[in-house]
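In the two complexes that follow, chain A is the common piece, with chain B as its partner first and chain C second.
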Partner chain A sequence: MTTDLQSNWYPIASSSDLPKRHVYQAQLLGREFAVWRADDGYVNVWENRCLHRGVRLSIGINNGTELRCQYHGWRYANRTAGCTYIPAHPADAPARTICNNTYPAQEAYGLVWAGELAVGELPAIDGFESATVLRPVPIMAPQKMVNQALLGYAWDDTCESAENSDGSVTITATDGSAVRVFVQPVDSNHSVARALYNRKVAGEERIALLKRHSWLMQELRDRTETQAARQETPAPYEPVIAKVSEDLVDIPAISVDGRKADLRVQVARKEMTADGIASLRLEAIKDQLPTFQPGAHIDVHLPNGLVRQYSVTNGPGETDHYTIGVKREPDSRGGSVAIHDTVGEGDVLAISAPRNNFPLRRDAVHTIFIAGGIGVTPLIAMARALNAQGLEFEFHYFVQSDDHVAFKRELSEFEGALNIHKGQSPKETGETLTEVLANPGYARHVYICGPGPMLEATRQIAADKGWADEAVHFEYFKNTTELDDSNSFEIDLARSAMTLTVPAGKSILDVLRENGINMSSSCEQGACGTCRCGVIEGDVIHQDVYLSDGEKAEGRSIMTCVSRAASNRLILDI
Partner chain B sequence: MIKLYDYELSGNCYKLRLLMSFLGVEYESKLIDFYPGNQHKSEGFRQINPLGQLPVVDDDGLVLRDAQAILVYLASKYDASGKWYPRDNPALLGQISQWLAFADGITATASAARLHDALFYTQIDVDAARAGANTLFRILDEHLYFAEEAGQDWICPGDHPTIADIACFPYIMLSEEGGVSRMDYPAIRRWCDRFKRIPGFTVMSGVFPAGPAVSGSIVSAA
Partner chain C sequence: MSCHDRILLDDWHAVADLEQLKSGAHLKTELFERVLKVSIQPNGMPAVTLCAEGRDLPVQVKYGFVWTSLGTPDRGIIDIPEALEADRYLVSGGSFPVKVSGLRVVENFLDMGHFPFVHTGWLGEEPHTEVAPYQVELTSDDEIIATECFFHQPVASPTADGGIEVEYKYRVYRPYIVALYKTNPLYPDRMDYIVLFIQPVGPESCVVHNMLCYIKEGMSEPDIRWFMQLIFAQDKPILENQIPRRLPLDPRAETPIRADKVAILYRRWLRDHDVNYGAIPAA
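Presenting the complex of A and B:
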């Protein structure tokens, strides 16, 4: 049921009802809200249920950046309400589509205002710019009846009352003092009277004022409730409660978008975070940015037409901006140079939603991060996520010199877990890594990101030390393999019931797109993992750097942007 | 060692588990099968407490019944700091006793509604019990609102919680199991957060822990 009432703004809380790390419970026109203030001051007004099993989020835990459900620990991010973590699937990133319902909210005049379908600015409340918020009083009576009763509210003989166009009631005394009361329709027979006094008062005068109002309202409440009890109770409002989708436990959802740049962001700050490395703070132009998982990257579409991938470095719950780090590459093909030389503060960029092909397991007993140079960026986001949860990790960062250490402020959060290795030769680096990777074991995981040769060396050392393939996670910046696209072969698409020919000079991805099959992709050079597809039958020539050696040998997946068939025919799970 | 005649789902027994946990006092739980066994009405138990009610403690031969009475005794004997029940402060003692009696009222209403809904006490007039609970919650919410205005975190004045907070907490926190929502009582809800952050706090079935406060304090200041 949609009513005109839903497009109004109503106060649902006093600002002081939302101390940090608290979750407030509210209801408006029959719909329950979980309301919480994040540590950055933002007020979240969400549907009061977890998307998983429907438990009230108002009994959840506000940890300052995320709200955690008490039942199975699902976490939702400040601002977007996107799910950031599902404890039952610690190895997987939740799909971006798992997002709780949020409602419009504003904080003004010491009150928190909301409306299920409210739009635009809250109308000005003239004369109450410097007001005292009085104690809200719940009344078990319909909103209209309470409004009517408020016309009789008076603290002395000079009080006169009048109803305003928005339904609120103003009571004014001849000395100019005034109280304006707004009635929040909790349900058809349940209201809360929220009032403002038009002066700021302090000390004993304030307490006397608050007590006077509390007393008058309770007297008014008792009279009104007696009156309401004599009438037939109206039927409760029936807000439409959308069914919780059953597939919310199947994670992650397969996205079916191609290479899109749906988001527009503004470069709010650009600064050199280390020698040759720029950090860019990208803020949404309107609305909010989608929730990201640690390890995720975004495609940045540059003014010169190039598309580049950059990892998001943010900590959990930071959804009002993404921060990326960009190294000026000496042999740049134009991407990093464009960002360093052309893009400036205030510029608008098109970016894709974050995509995570480098997911972080949160069920490890110990996690080792190994970063080389600019490869530190995804690992910063991962370590910040573990740090926020109090999970154990160590962070090894290999750099040329102190001048090359990027994101020092973020790294300082890791305190004792941080080891910066400066100016080591490849041989010394190998020795350090041999030490760091000395102890593989149950539920111990390694994440590596850095230049190709260092990555290869680290993977080799890990293998030599007995680390299992599944425990070693890595992300390459780019694929330096010399690609061979000289053969031709057929692909059978098992789900689409089509057979297509991939000629020499074209990729599987190109042929799929030409035939109307929408396949996501990002880097299109076999490094990021976005265009991964299942292989049902046939042998693959792997030319990517995304899959592990084990996965390549298994032959169950293919990167459609660069890899090809070794046989005449491949049957793909698409 | 103190012996507590105990039942997991009893809020009155929980009051004593809370205080002994806050004080770090060791005790032994003697489990009484309240539901479905009805063991608190058995002949054996009525010889310990003729009222046939939980909880009871036996401290080295001293047998005491009634949760509020036991709170007074345990705090007086085992709290070296004297903060939970300040015996040298008549004004505070008067206020604590006032709220201990109020807590009995919460048991008679909010707990009764819960017994009706959750433990099949069908003879209870549940509508009257819920209405009674709401009347008390309105009074406590206003009291805690003005306590916050005065910079106070707890039911009785001072910078430390008292046994009055312990006596009121369990059946308020369990009220939704009796169909009494706390949505209309925001000051009570904030006090519940503060209470859960007292060092040594323990949970029971139906009571969830709170997350940490900003900077580790138990005070909820914005």
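Presenting the complex of A and C:
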């Protein structure tokens, strides 16, 4: 029985229950929902509890793009309900599998409809295309009893009622006016009658209509509740709370998904955002795009077989697309040229889910962003996230000229925090950076992304000025290190209890894959950090540009795509 | 649902604040859904009667509270040396009824991550939200201790002046008794002490009795009470909005993070001791 009920669509709220930035608490078949509308109009119907400690999300904060839990400030994205930020661990990217339970929802006829297991579209309600929503009436009685009572509902002598196949009741008068009532089963002994009147009326006429039906519904309610009180009260529904996924039980969770391109997106818009830089808006062909975090990149599998990484520039809650920026590289090996010359609007691309190896801390009192050229893209997403939270930052963007300034509209959001430095020579750039980085301090952080030489120079200046290694975060576009893969060594896999040999000419990552061990990777040149693995014992020859000098000296992790053992053996935490 | 956990039935539980009891003739309260009458006898000693059977229950007075047991206690009430130190106040912040399992209250008490969001401007503030790694251990006395817990706080105590990095130490003595030690702003080498004696009224409701042992210097009793009430009044609406009201012990029921290390051990410790009252047992 319950299963049938679960597969139906029911109205659970009026559209007017979802004013801007509000979170409405609804309930269906004993299960509570947090219902909220994002600023882009999308209506989210989620289980009313934060996955962390079960606190109701209906007491959370709707900031227009994300819902924030009141207890620990966890943020969940519009549409996907994926967790985008865990403030207790600001340096970590949340595991992508932390995702709240969402339910099918539709907004139509002035009502919000949901069903625990509803499928397909909400059936059309003929004759109510232009309707007035009547005042919902809660009734402490089982849904069936209310439906039965509604068959006797009438506002004049000519009214005739009939039950529809979906269980709702339509009452029609000979003058053509009609009311269709849907009964929302809140719980086994608690219903809400939600009714539509088949004409759009306004002003005085609407008030009179609402009053009249409120009065009649109140009479129906009294009768029905009296009848229900005479019967034995049915046991309340006990909705099962779904368990979180297995991989979240042990902490921290690390996702393993290899270099896959599971998603198919369509280029919805392609335009030149600056001289030599194209911006591409990618939209899902079906289903929802996975949650991204500021700093995340996606792998784009190009029609020519190449795989390239591009940072997502989206602001918080922009979950219906990813926007990336692609610079035409003069010495391109075919990646950026393919995007510029052959990919067009309407084309379909295979991409990976976003991965975040450049996470943004949001516990800084001040954050400095330093972008060089196309390196601006991940920093735009980061600064937009801080901006939305009202956290303090400054944004320095080094470009050749005004024509090279990409994403001007997004940058304009930063107002006074934005500093565009145009046409500076390397020496002038160094002087500017020396000023910008003059004051390291407690809870101050720097994020750098740009061409290799500028990145090196900036890191050096930061170090000279006394910035701690942990406060300087960076992302290289590519690894220009001359790679040496001439030695051979053994790797012990501590968790898998295997010993493997890595011969000359092969990477650790290659050997792991050959032996059926699934290891995520993305750029496969030591720049992005995806294939990072813990080192329990042994010395490492680091050939990547992802780890900081401090992390390299510590020797506790290795980029398995390029780095190798300095000793005969490495024990890896895998 | 009645309580079948021997470890709970055979333990002492605080059921009344003696000062409050003296101001009225008697009070009715519940322990594990059994109605109790707590009264003052002519000799000034309190008595506890199990109403349904008219049976007198064992009684002790300690730390200003009346304690009783529904079973046969095989151990005493916990020892709190701080309560005997002459230069400390012993203040109750009040006995707070809360519509949630007492085990959820313990877990909330052990949690630092909520400070910036629930106790904004007092025990924490954005953007200082990070919970740094800390140590957790199960002692040979079967208590849970969490140490090296540091957190940035704007107003850590009634006398604190400006933000400081505060050090906490947490201690779970019994399933429903939890305490914390916290940096005293005037004496870096001594710590203020707060303990919760939680009375399990039902599986989804409790009364939170508490005792605050603050070093007297620079502090007044009304300020201590006011601060405790302020902080608890911020916790209460969060606690009462937790679904389910009972604490789930299945590891897959909720999503722990590193900051929850002490809570993870607490849930496991409850499982290992077969504490089911106020919990949803792991399948």
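Rule of thumb we're sticking to: the second predicted complex is superposed on the first by the 562 of 574 C-alpha atoms of A that agree within 3 Å, B and C clash if a C-alpha of one lies under 4 Å from a C-alpha of the other, contacts with A are read in each partner's own complex, and residues count from 1 in each chain.
Following the convention adopted for this analysis, a contact is a pair of C-beta atoms (placed from the backbone, for glycine too) under 8 Å apart; a residue touches a chain by one contact, two chains touch by 3 or more.
What you are looking at is a predicted structure, and each value in this text was computed from that prediction instead of being measured.
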- Task: Once the structures are superposed on A, label A:18 by its partner contacts, choosing first (chain B), second (chain C), both or neither.
- Result: first
- Look at A:192 in the shared chain and tell me whether it touches chain B only, chain C only, both, or neither; answer first, second, both or neither. first
- Task: Could you tell me if A:363 is touching chain B, chain C, both of them or neither one (first, second, both, neither)?
- Result: second
- Now for A:70: first (chain B), second (chain C), both, or neither, which partner does it touch? both
- Go through the superposed model and pick first if A:53 touches only chain B, second if only chain C, both, or neither. second
- Task: Classify the contacts of A:138 with the two partner chains as first (chain B alone), second (chain C alone), both, or neither.
- Result: first
- Identify the partner contact of A:88: answer first if only chain B is touched, second if only chain C is, both if each is, neither if none is. second
- Task: Determine, under the contact definition given at the top, whether A:211 touches first (chain B), second (chain C), both, or neither.
- Result: first
- Task: Would you check which partner chain A:37 touches, where first means chain B only, second means chain C only, and both and neither mean what they say?
- Result: first
- Enumerate the residues of chain A that count as touching chain B in its complex and touching chain C in the other. 32, 59, 70
- Message: For a test of understanding, state which residues of chain A touch chain B in their complex under the given definition.
- Response: 13, 15-22, 24-27, 32, 37, 39, 58-59, 61-64, 68, 70, 135-136, 138, 186, 192, 206-207, 210-211, 214, 218
- Residue ranges of chain C in contact with chain A within the complex: 107, 113-114, 116-118, 126-131, 237-238, 241-244, 248, 250-260, 264
- chain A residues touching chain C in their complex are 32, 48-49, 51-56, 59, 69-73, 86-91, 98, 241, 243-246, 248-249, 251-252, 361-365, 389, 391, 443
- Note on the structure: As the complex stands, chain B meets chain A at residues 138, 142, 145-146, 149-150, 182-184, 186, 189-190, 193, 208, 210-214, 220-222
